[in-house]
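Which chain is which? They are A, B, C and D, in the order written, and residues in each are numbered from 1.
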Amino acid sequence: MSQPNGTYAFYPGCSMGVSARAYDQSFRRVAEVLGLEFQDVDDWNCCGATEYFTLNRLPAYSLVARNLSLAAGMGKEDLVAACSACYLNLHKTDSYMGKYPDLNEKVNRALAAGGLHYDPGTLRVRHLLDVLVEDIGYEAIGEHVTQPLKGLRVAPYYGCLVVRPESNYDPEYPTHLDDLMRALGATVVDFPLKTHCCGGHMTQISEETAYELLRRLLANAAEYNADVIVTVCPMCQLNLDAYQSEVNRVFGTDYHIPILFFTQLIGLAFGVAAEDLGFGAEIVPADEALKKIGQEEAPKPRTPRRRDKKALPMPPPLS
Amino acid sequence: MPKQDYSELNPLWGDRGPVIVGFLCNWCSYRAADLAGTSRFGYPATLRDIRIMCTGRFDPTFAIKALRDGADGILIMGCHPGQCHYQEGNYKAMRRVALLRRTLAQLGVHPDRIQLAWASAAEGTTFTQTVMRMTETIAKLGPLQWRDTVSDLAPRTPAPEAEEVSHG
Amino acid sequence: MAENGKPKLALYWAASCGGCEISVLAIHEKILDVAEAFDIVFWPCVMDFKVSDVEALEDGEIDVCLFNGAIRTDENAHMAHLLRRKSKVMVAYGSCAMEGCMPGLANFYDRERIMQFVYHDSPSTDNPDGVEPQTRTEVPEGELTLPGFWNTVRTLDQIVPVEYFIPGCPPEAKWTEAAINAIISGELPPPGSVIGMDVTVCDECPRERSEKKITRFYRPYEIIPDPDICLLDQGLFCAGIATRAGCGALCPQVNMGCRGCYGPNEGVVDGGARLISAIASVIDAKTPEEIDAVLDTLPDPAGYFYRFTLARSLMERTRLERQNGHKVARPLEEVPRLDPALKE
Amino acid sequence: MTEEKVGVYICHCGNNIAGTIDVEAVSEWAATLPHVAVARDYRFMCSSLGQELVEQDIKELGLTRVVVAACSPHMHEPTFRKACERAGLNPYLMEMANIREHASWVHQHDKEAATEKAKALISGAVKRALELSPLEPSRVPIQEATLVVGGGIAGITTALEIADAGHPVYLVEREPSIGGHMAQLDKTFPTLDCSSCILTPKMFDTGNHPNITLLSYSEVEEVSGYVGNFTVRVRKKARKVNTDLCTGCGECWSRCPAKVVDTVYEAGLGYRTAIYRPFPQAVPKYPVIDVENCIYFQKGTCKACEKFCPTGAIDFEQEDEILELEVGNIVLATGYDLFDARRIPQYGYGRLANVFTSLEFERMVNAAGPTGGKVVLRDGVTEPQSVAIIHCVGSRDKNYNPYCSATCCMAALKFGHLVKEKTDAEVYSFYIDVRAAFKDYEEFYNRVLEEGVHFVRGRVAEVTDAARQPGEEGKLIVQVEDTLIGKQRRIPVDMVILMAAMEPRADAEEIAHLFGVGCSAAGFFTERHPKLDPIATMSDGIFIAGACQGPKDIPATVGQGAAAAARVLTLISQGEVEIEPVRAIIDEERCSGCRICNNLCPYGAIDYIEDPGVSRVNPALCKGCGTCVAACPSQVITGQHFTFESIMSQIEGLLYDVSNGHETYAEPAPLETA
C-alpha cells in the first residue's frame, strides 16, 4: 500500500496556512519523525469547500479537477489532504469522473481550456489519517512514542466527512483514530457522537442549529470525562474551539474542553516540543489537560462490570 | 427490449446482429436464465445457449468450433467462485478461459469475444445484464466472420495458368 | 499396374524441409524391397523425372502417391491436383502434408508481412534494390515465371481428398515401413485413417508421473530437469499429453518436452484446444491474478499449442481483415491487452 | 449414421410461446431439417394429450429421437422422458429446446428475433439429439445405517424417525449435549409452550433409543464414498470423564473453582465451571472438562473434581477417540449461528450495558437461566421501566445479510408479551414489516398488539446514551424515523433487545466442502431444488434439515427433519439406489496415463491404476460434472449424455444460419489469375 519511497503529493487547502496553522505545523513535524515526504501541489486552488458544489456543480468539479490534474503531473500515486472537506471534494471528483463519462468529458473540456487534463483513477486521493494508519500502522507509530500520553482521556472526533462516501472504515462507528490514540498511550473514551456533524458552515447561516450540534458534541465528550477532543479536520476544530464559549453562553453550560489536532498529540507522544506543534494557538487552552500526561488515571468506570454478585456479564469487545 | 440496429455501433453489421454462443451451467446460470425468463426480463436475442452440467465441462474446442462456425462471441457462465455445485468446476473454467483468451488473442481474436461470468440461480438480473453488456461489447467489435479468414486462397500476384507452371 | 505387374509408386515433395524424403530412406535395406515391390514413376528428389512424365500417365494410373509437404504456392497446389488425378491412393506423408507443420506457422502472418521480412527486414537480407519475386518477369531472353505465393498455408487434405495420413516430423521408419507393408500386402485400413497409434506420447514415455499441479512454467534453459520425472510435473511444457504416440517418446527421453509433431490423438478435432484445456486445468491458481501470474510464465501459448497443427486447426490461421480490397493479417501486437475489468 | 428419425414438437404453451414466436412457421421449417420425420406444434405439449402425441408418433412412425421445444428442461424434462419411456424409447434420447424461458419470455418485443432464435435452439437440439446415446441408470446397494450431523431439534427429529422405523442411526453432536438452540429457549411462539417441556422427552428418547448411537462432543473429520456407501471418520473428543463410571451426580462441578462465562448455552449471560454439564436436562448427562479453562490443565494443580468424584470417573489422561462409521445416508442438521450484534456498532451491543441480544434475553426470561427468569438490567437487579425491541438486526440489511431471518418477528412478539407479563415496562417494537405468516401467527400478533406493545415502523438509526433532551439522561435513546408519521423520534428506554439474524454456522463452508454439498451466497447449504426438493442436496444420499438450509422456526425445522428421515427411509427400503447415468467413462484401452485428470475430480472418483498405468473413474463416486472429460488431452474420457460429439453437433446446429460449414477445398483449387 505504502509509497515505495514514502513520498506523497500533498494538497494543503486554504485552512492549513491560516486557521489550522497548528495542524500544518504539527503534521509536518510528525512526517519528519516518520520519514515521510509530502510534496505540496504547486499553484493549487480552492477545493470549493462545501458551498460551491451546491451552487454550480460543473465549475465546482472543474475547479477540483484542476488540482487533480496539477497533482497528477507530480508523478506520485497518492494525493493526500489533511482537511476532511478537501479530501472529500478531491476524492468525490476523482471517483465521479470515473463513474460518469459525461461528467469526465465536460470537466476535461473545461480543463483543456487551461491546457490541462486529468484521467480519473490516476491518483488515489487519501486523508492524512488513512495514510498514517494504513501505510505506517499502529505498531510502527507506537515504536516512535517516547512520551506516552498516559492518563490523558481523549474523545476521538472523526466528523462527518472523512468516512464518507466510500471508505475502508465503518462509516457509522469508525475506530481507527481510537486505535491510533491508543497506540500513543492515551485513554480513549467511548464517544458515541464521533461521526456526528460539527455544524459546518451553519455557524454562518443559522447559529441556532450550529450551536445545538456543537453542544451535543461537547456534552457527550464531557459526559465521558474527556480531557480533550481530538479532530482530523480544520473545520471541526475551528467550530468546536472558537464557538465553545458561545455555546456556554447560549446554553448556560461551562465546558472547557480543548480541541486538538490528532497530529499535535502524535507529536507530543513522539517527544516533539509543544511549541513546535502549534500549541498555544487554540482558543480553549490545552495547558490543564496536557498537565495530565504521564499521570495514572483515576479509575472511574461508568458501569462497573460486576457491581454485585447478581450483575450479568458483558460481552467482550469485537476483536 | 426494442429492436436494435447494430450497424449504429459498427457499420460492418449491416442488417444482422451479433451471434453469441453461450455455455451455461445446469445449476446456476442456466437457472438464472430461466429466472430471467419467468421474470420477463428482456434482453437482446443474441445469445444461443447450450446447457452443460458444469462450467468444468467447458472444452475450449467448443469455443473455437463456435467461432469457426460463425459465432461472434462466446459467453461461458457458471456459479460464483466457491459456490460451484461440483465444488470447483468453475475454477477450472476460469483457468481454461484465461489461457484460451491468451491463445486466441495471438490469432487475432479480441479477448473480449470470449467472456466468463457468474450468476447464481437467483440472479436473473445479473444474467440479463451480462448478456446485454456482452452484446454491446461484441456489437462494438463488429462481426468476426471467420469465413472470410479461412476461405482466403488468393495468391499475391497474378499467377500463370496452372498448366504453364514450369519446373525447370 | 505396370507391365511388370508391380504397383506404381510416386513420391513428391511440396512445402517441406526435405526431412520426409530422407525418412523414406531411413527404412534402410527395406528400401530395396520398395524398389523390388514398386515401379517408381515419379520421385524428383531422387530420380530424374519431369512433370510431363506424370502428365503423360493415365488418370488413376499411379497406385500410391506419398506426398509430403504443405501447400504454400500455386505450384504445390497444382502438383497436388495433378498427382491426385493420376493416383488411386493419396497418402499425406509427414506432418507438413498432414497438419501444416512448420510451414503452417506462417499462418500467424500474411503474405505481405512474410515478404517484407524475408526480402527487406531480416538481418541477413542483402537486397539494396528492394527487389521482390514476381510471378512474371520480362528479361531480354523472354518471360520468366514463378508460382504464386499463398496468403495461407494449407494441408494436403484441404486441397485434395486424401486416403491415408502418416504423421510425424518426420515419420518414424517403422510407420513408413508399416504403410509400405500394408500397401504391398493389400491389407489397407479404411480410407481416411491415420497410419499410427491411437494413444498419446505418455503411453511410450518411461518417466514417472504424478498428479499434476503446475505453479509455474519453466523454459528449457531455466532448469535442468530430473531425468526420471514427468517433465510437465517439473513445470516444463511438454505436448506429449495431447500428442499421438508412435515416435517412442524420443524427445522426452532426451530431457526435452515433446514438441507435438505427431499431431493430436485419434479423434481429436483441435489439438491446441486439448492442450489449452489440459494445461489450464492443472494450474494451481484460483483467482484471476494468480492465474495470470502462472500464465505469464508461458509466453507464446499459441506457438506452443499449435506448433505443428496450426494449418489444420479449427481456426487454421490468424485473422484476416479486408483492407483496400486485400486481406491482411492483423499484426499480433495490435491485439489489445486484456481489459482488466473483463479479466475475470 | 444409420437413418435416424427425429420428431420435433413445438409447444404453444397457450400464448406464452405462441404469443411471441410464430410456432406454425417454426414447425414447418423444422420439418425440413435433415433426419426430421415429423414436426408438430401443439397448444400444451405437457398435457396428457400432448404427451400422447409424442408416444403415438414414436410407436407409429418409429421415431428414434425426440425433440421437445417448450419450456426449461428443469420444468418438464422428466415429463417428456417418461413419455418416451412409455412408448419404448430410451428416455435419454429426448432433448428439449428451451424456447419459453430463453426465448419467448425474454424477447417479447422482437418477435422476429425470438422466432429466429427459437429456430436456432431447435436446430441445435435436433443436431444434439442425433448424437445422443441410450443410457441405463446403474444400481448400488445401500448401507442401512444413517449418519445425522447435529443434535438440535432437526437432527433429533430425523434420528428418532429413522430409529423408530428400526434402522441404526449415528447422531454426531459437537457440543457436550444434544438439544441445540431450542434447549436455550424459554417459551415457543405462538402457543407459548415451554420449550424444554416439549424438547426434553425427545432428548431423553434420543439418548436411550436402542437404534441410536449418540456421539456427543464429537465432530466429523472426513467423509468418503458415495450414496449407499459412505465411510465417515468421527473424532470423539476427550471429555476427561469416564462415562462408564460417571453417574452425573454433580459433585465435580459444584466443587470446581474455575468460573467462566458460558458463551454457548447461556449465550454469554451466565457462568459455568470448567468441568460442566451445559444444563440440567443435558443428554448425555455426563460432564466434560473444558481444558482451556481448567486450572489443572493450565497451571498443573487443582484436581478438585478428581478429589471429590465419588466414583473415580475423572480421567485427566483421556485421549480423543477416532471412529470409522459405514453409513448409507447422511443428514446434515447443523443449525445456525446468531449474528454477532457487535458488528453494528451504532446499536451499542458490547458497549452499552443494557443492550441485549435476543438469545441473551431468551436466557434471561428462562426460569432456569442466570436471572431465574427475572427481566432485569445488566446490573442483575433493576427491573426496566421501558424496553425497546429492534427487529432485523443483521438481516434485511445489505450491509450484513440481505435475507429475512424469518423467525425474529415472531420471537420479538413473544418477547413483547413476556416483558409485559413479567414487568410493568412499556415495550416499543421497532419493525420494518411484521412477518407473521404461518398458522396462528397473525392471531398472536393481534394479541400482543392488544397487550399494549407499541409498534414503531422504521429501521433504528442508532442506540445511544448521549442524552440531548431532558428525560434522556441515564437512558438508552433509540433514534428512529417513524415512517408511519414521517418524523424522527428519540425514544428513551432502559433496555434494548436486538433481534439478531440467524446466520449460517461460521464453518458452514468447510462443512459443505467436507460433505461435498453446495453453499448459497449467504452460506446456507444449497438444496437440490428450492421448491420441489428442499431436502436433498446435489450429492446423492446427503440430505439437509433445519436452519442449516436457511432460517426457519421450530415447526418448519421439525417438518424438514422428518422429511429428511422419510427420504432416507425410502432409500433404505429400496435396498439399492439408482445412479443417474450422466457419468464420465475412461476408455482404458486408449488412456495413456498422463494423470492430468487425477486431481481434477472434486469427489476423488478418479483412481490411477499403476499397472497398467491408466486412470479409472469409479462410477458410483462420479457426479457427471464433466471436468475431467473436458480436460483429457487425449480425449479418451466420455461424458455420458454430454459427449464431445453431442455438444459439437449442437454448436453446428445452433449456428445453422451463420455457419459456412467446413470447406475442405477438396475441389481443384481455383488459381486466381485476375
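The rule is short, and it goes like this: contacts are C-beta pairs under 8 Å (C-beta built on N, C-alpha and C of every residue); 3 or more make two chains touch, one makes a residue touch a chain.
Bear in mind the structure is a predicted one, so any value in this text is a computation, not a measurement.
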item: Chain pair with the higher count of C-beta pairs in contact (C-D, B-C); value: B-C
item: Chain B and chain C: spacing of chain centres that average the CA atoms, whole Å; value: 29
item: Centre distance in Å when chain C and chain D are each reduced to the mean of their C-alpha atoms; value: 54
item: CA centroid of chain B to CA centroid of chain D, Å; value: 34
item: Touching two or more other chains - residues of chain A; value: none
item: Junction residues of chain B - those touching two or more other chains; value: 59, 61, 65, 92, 96, 146, 150, 153-155, 158-160, 162
item: In chain D, residues with contacts to at least two other chains; value: 600, 627, 630-631, 648, 665, 669, 671-672
item: Chains touching one another, given as label pairs in label order; value: A-D, B-C, B-D, C-D
item: Chain B-facing residues of chain C, complex; value: 44, 50-51, 74-75, 78, 81, 108, 111-112, 115, 134-136, 145, 147-152, 269-270, 272-274, 276-277, 279-281, 283, 285-286, 288, 291-292, 295, 300-303, 305, 313-320, 322, 327, 329-330, 332, 335-336, 338-339, 342-344
item: Contacting residues of chain A [partner chain D, same complex]; value: 170, 172-173, 175, 190, 192-193, 216, 219-220, 223, 303, 307-318
item: Residues on chain D engaged by chain B in the complex (per definition of touch); value: 72-74, 98, 100-103, 105-110, 112-114, 116-117, 120-121, 124, 509, 513, 516, 518-521, 526, 530, 538, 582, 600, 602, 623-627, 629-631, 639, 642, 644, 647-648, 650-652, 654-655, 658-661, 663, 665, 669-674
item: List of chain D residues in touch with chain C within their complex; value: 590-596, 598-600, 608, 627, 630-636, 648, 664-666, 668-669, 671-672
item: Sites on chain D touched by chain A in the complex; value: 261, 268-271, 340, 342-346, 348-351, 353, 364, 370-371, 376, 378-381, 462, 464-468
